[in-house]
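You will see two complexes here that share chain A, one where it goes with chain B and one where it goes with chain C.
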Partner chain A sequence: MHRIKKFFSALREDAAAVMRDPIQRRKFFKYLLIHLVVVTAALVCIYPLLRIFSVSLRPGDKLFSTDLSLIPDNATFVAYASLLKDTMFLRWLWNSLLITLATSFIGVSLASTAAYAFSRFRFPGKKAGLILLLSSQMIPAGMLILPLFLMIMKLKLMNTYLGMIIAYSVSSLPFSIWILKGYYDTIPRSLEEAALVDGTSQVGAFWRIILPLSTPALSIAFLFNFTTAWNEYLVARVVLFSSKQYTWTLGLFELQGQYITQWGMFAAGSMLVTIPVLAVFLYSSKWLISGLTLGSVKG
Partner chain B sequence: MEILRSIYEVAGFIVLIALGVAALEGYFYYHFKCHDKPWFLPVALAAFPAAAVVAAGAVLGGYQFRLWFYFLAAEALIAAAFRYAVKGRHTVPYLLLAPAFVGLALLLVYPFVFEVYLSFHDLKLTTIMSWKNTGTLPFVGLRQYFDVFTTSPLSEVTFWALLLRTLVWTFTNVFFHVAGGFALALLLNNAIRFKGFYRTLLVVPWAMPQVVAVLAMRGEFHSQNGFVNIVISKLLEVFPFLASLGVAPVQWLSDYPLLTCTIINVWLGIPFMMVVILGGLQSISSSYYDAADIDGASYFQKLRFITLPLIKPVLMPAVTLGTVWTFNNINVIYLVTGQAGGTEQADILVSALYKAAFTYNRYSYSAAFAIVVFALLFFISVTYLHGFDAAKEER
Partner chain C sequence: MATVQFSGIVKKFGDNVVLNGVDVDIKDHEFVVIVGPSGCGKTTLLRMLAGLEEISGGEIQIDGLRVNELHPSKRQIAMVFQDYALYPHMTVEENMSFALRLRKTPKAEIDARVDEAASILQLKSFLKRMPKQLSGGQRQRVAIGRAIVRKPKVFLFDEPLSNLDAKLREEMRVEIAKLYQRLNATILYVTHDQVEAMTLAGRIVIMNKGIVQQVGSPIEVYRKPANLFVAGFIGSPTMNFMHGKLRLEGEHLRFTSGDIKLTIPPYLVHDPKKHDGREVSVGVRPDDVLVGRTAEGCSDKVDGVLEVCELLGHRENLYIKVGETRLQATVEAFFDRSPGSAVTVCFNYKNMHVFDKASEKRISE
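Up next, the complex of A and B:
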């Protein structure tokens, strides 16, 4: 008790000292203002998430109340239970996971070798290839959905995992190649030259030296592929049509349908999907951003 | 049981892809290594077209005689190119590149070419069955392109209205993304406490799955139980005089859909710009500012003459990317305005394109529409790219 009192009196004295000095006073108000603005912005950013959380805890009869408190009265996990029991949510998650893992695996494998060729070799068509990769980013996403949809229909792969994997597998390839090339460029050539002198082949040097060294970049490319496919909605909308095959994005949209909204279940599902994605993203964002800017800033 | 079956299905597919890649590598390896052997041409011409015809039959179902001619001709060209032009040079890089580029060719370039083909033909709900069975379509020349500019892709809005709306949408969004991101980055670049914590909270909209974020925000704009209208009506209870100023709960989703979409997209896009700009700000050496302080520069002078020029190399690519992303943003608009029966007051070019294809089933029309949109975007991007010369990337 005594220590707390002492702490506060010291704080008061410090504050008084700050207020007496005009320079310090200005600084104090400046930082106060900065904190206020940033806290407001942060609240705006996370408020929808908090509100989904609050809605997911509401008991069934209070779903449409205009209550704004974070933890509602009589909070329950009923919505979570009925989401897992009455809908195919787990199945949707499983579908998404399977499709996403397969696409990311294919995408990163293809990108890792292609990026190595771009990073280490001179060959005719290199410049054209890089420009092709860059300009493929300009193609409107919605533009390729139609021909892909028709191709998948023609291959009789509608409403299957394979159709989805085919449609997704190259969508983030150019970007992955770009990230990986940027990373390979930072690995000194002398490492491989040493290996070549010791008698390994060019491919062996890639396999034994470059790939192990670039695990961080490979995992970032994998994560990027993963999140892109995991959050995809528009292609899934046209390729999948039976709710058993749905990915979670389609499932959630259905729960928040146009007229009848399963508001509680939608919120519960959103929470379950968002928390892991958020965790992974926040953990990896540092590298993701350096990858985003790496390719473009140099030059 | 079903889980096992799905794993089996996907794993089998991956094995198939691996086999395909191996076959591809073997094919090119043969061409690179054996191009000067006397038996090179006969073996290539006999083996590969046959393998290709068998593979095509397996994938598409049914044997087609005319494929022999295509594959023979293609193989003759490839073999000749390897023998007389490539001559076994650059083997390693091409072998490394081959799988990725075949993937891109099949799933990016071919669809693109197919889209061009579609735009000159007539594929719609009434002709799709015959196309599925016979593979032929009526040729209509430029009619689809003519229709793009004269008829509505949806039910009433015209191409020109959509174009104008898209430009306004892109400009407004990118402007607010950059302005908001810049302001927040400048604030966070001070030596303040809890900086990492704030930064984490501020990137939440970007980090959330976009579908969840947009659907949640759509819920907040709901006319009765959305946050925005609840706050407005609570404000009205406390300050009744606001009602006379015209403040009242609004039917956001049906009366102001474009405004709603814009607010949601601005909310979504600011964190990306903030993070990129913050990264740029942190890489500026403080010695510039110290020198400017000694010369007595004001805050805005420092901002104008130090920060802005030094942040430009980071900002320009981010703005370009942001412009392309915003221009192409179907997600937000489609998820907010919903499917069939939804309003079309908020549609921009790409979302109208998506709806024309999959809500109204006008396939060829939307293919032509897509080509027009692509040409537009390509024109804008090329003008942009000339600015910071993509070729410089090549080192």
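Up next, the complex of A and C:
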């Protein structure tokens, strides 16, 4: 008790000292303001998640409720249990995971090599190619649905994993190429030249020197591919039509009936699908932070 | 070790000719320094030898073998880069052993060679560190170590000291000189620093605008520069030039440049009649400009005004205006005149250089 008292009196003294000094005072209010804004933004972001969590725990299929408590009365995991037992949710998750991982690996490997060519070699159409890649990002995804549908149909890949993987990995290629090219540009050429003189081939220099040095950019590209493919709905809706092949996005909408929607299961599913994305983000956060700022300062 | 021959080397970037017919022969165990101002093509020449730059014309041979089309990894050369080019994701040890590991050299031999190089370069306590944990001088030593362990036919150094501060540069210069004595290797060293060139080289290749201006030992290029460019480039402080005309007066040639009138001694320019009326540039190094008491015994004296004195310690730089010409003289320290005062100047004829103004070539002995 004595220690707590001492702590608070020290805190009071510190606060008084800060308030006396005009520079410190300004700093204090500046940080107070910044924190207020950040905390508000965080609350706005987290509110829907908390609501969904709350809905997933409610008994019955009550979406709307006057109850505002996070964990409702008679909270239950029934929705989770019946989602896993009565629907093909695990199968959909598996489909999504398979397609997403394959997409990410294929997308990143294609982008890393293409970006290397754009960064290091001179060839006709290099500039035009880069601009074309960038401008392809300006086309709304909805516009690509029809051509993608036709392409995948002609390739006879409708309702297959492969069709989905092809559609997904090409659509995030331009972004990945730009990110990686920008990163490669900051790696001094002399490193590869040293490797060439040391005895590697051009491919060897790429594999042994450039790729290991590019992990931050590679992980950003991987994350981007992963989240885009994981959350995608439109293309999946067009390509997949049997519920065995569904990804979780299609699967969850399956739960929406004509007369009745199982909101509890819907919410439970939504909570479960965030887990893989969260895991990937947490795992790669150290790369992500250093990666996002990399390239801004040379050296 | 090996010989290197450059024959008629041409390099073009589009329409821009960077090297225009370079011929240089480098003997076995020779330390050759290529020196020249920025953009003279010296680094390009080195990179062509390394295989990092395509050859537009001519032929490069290492040990008599044409290497024009050979991949860099097959040329048995090692290169030390200006920015060190250490692999940032590898330790010092891994950096040094990288080439050997690629060649699948037995582990015991790799360890022995890395250990030997590390002890030569005093890197033993840094072997487990990453490049970013090292100072500039240490990184440079690792880069050199990476070259040594390869036991290559030819060592290439591309301005290796230009990223270091003045003191460290001096230390590393001595290190490299020692290393050469120890390895007795064929070394091709590119620099724009003429002090490095003079102190390290067995032979200097001086380049300008993609053309070799002169090849010779440091003392040769200093004492007998082949043309105006070499004369102005080699030596610090730089040579003074006086532009004027030669005229035959009796038996002797007389040089006139504004207020400066000098009799050119016959041992300096043979066959005076041939040069009568020729426009020339006369070059004198600041050490050979005699001022004050040392100038008293001279025959051809000129009067000038002292503009600026720079005390360097044991020597002093004087900037003197003679008519329209500005001359720099280096004299013993504490030259006891203040700026603005009149001084008498004369020249040491033995070390005077006469160049044809049109061709810029040397005509004096």
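Things worth noting here:
One rule holds in what follows: the second predicted complex is superposed on the first by the 229 of 299 C-alpha atoms of A that agree within 3 Å, B and C clash if a C-alpha of one lies under 4 Å from a C-alpha of the other, contacts with A are read in each partner's own complex, and residues count from 1 in each chain.
Note that in this section a contact is a pair of C-beta atoms (placed from the backbone, for glycine too) under 8 Å apart; a residue touches a chain by one contact, two chains touch by 3 or more.
Only a predicted model underlies this, so the values are computations on that prediction, with no experimental measurement involved.
Once the two complexes are laid over each other on the shared chain, residue contacts for A:242 go to neither chain B nor chain C. In the superposition on chain A, no contact is made by A:69 with either chain B or chain C. Which of chain B and chain C touches more residues of chain A is settled by the count: it is B.
By the touch criterion defined above, A:191 lies against chain C but remains apart from chain B after alignment on the C-alpha atoms of chain A. Of the two partner chains placed around the shared chain by superposition, chain C is the only one that A:213 touches, whereas chain B remains out of contact. When the shared chain is aligned, chain B comes close enough to touch A:114, but chain C does not. When both complexes are overlaid on chain A, the residue A:199 reaches chain C alone and has no touch with chain B.
Counting contacts by the rule stated earlier, no residue of chain A appears in both its interface with chain B and its interface with chain C. Across the interface of their complex, chain A is touched by residues 50-52, 71-73, 77-79, 81-83, 85-89, 98-99, 102-103, 146, 150 of chain C. Within the complex, the chain B residues that touch chain A are 3, 6-7, 9-10, 13-14, 17, 59-61, 90, 92-94, 96-97, 99-101, 103-104, 107-108, 110-112, 114-115, 118, 123, 132, 184, 187-188, 190, 192, 198, 200-213, 215-220, 224-225, 227, 230, 233, 267, 271, 275-276, 279, 313-314, 317-318, 321, 324, 327-328, 330-331, 334-335, 338-339, 341-342, 350-351, 353-354, 357-358, 363, 366-367, 370, 373-374, 377-378, 381, 385, 388-395.
Within the complex formed with chain B, the residues of chain A that make contact are 31, 34-35, 37-39, 41-42, 44-49, 51-52, 64-66, 68, 94-95, 98-99, 102, 105-106, 109-111, 113-114, 116-118, 120-121, 123-124, 126-127, 129-132, 134-151, 153-156, 160-162, 165-167, 169-170, 173-174, 177, 185, 202-203, 206, 230-231, 233-234, 237-238, 249, 252-253, 256, 258, 263, 266, 270, 273-274, 277-278, 281-282, 285, 289-290, 292-293, 295-299. Chain A meets chain C in the complex at residues 188, 190-191, 193-201, 204, 209, 212-213.
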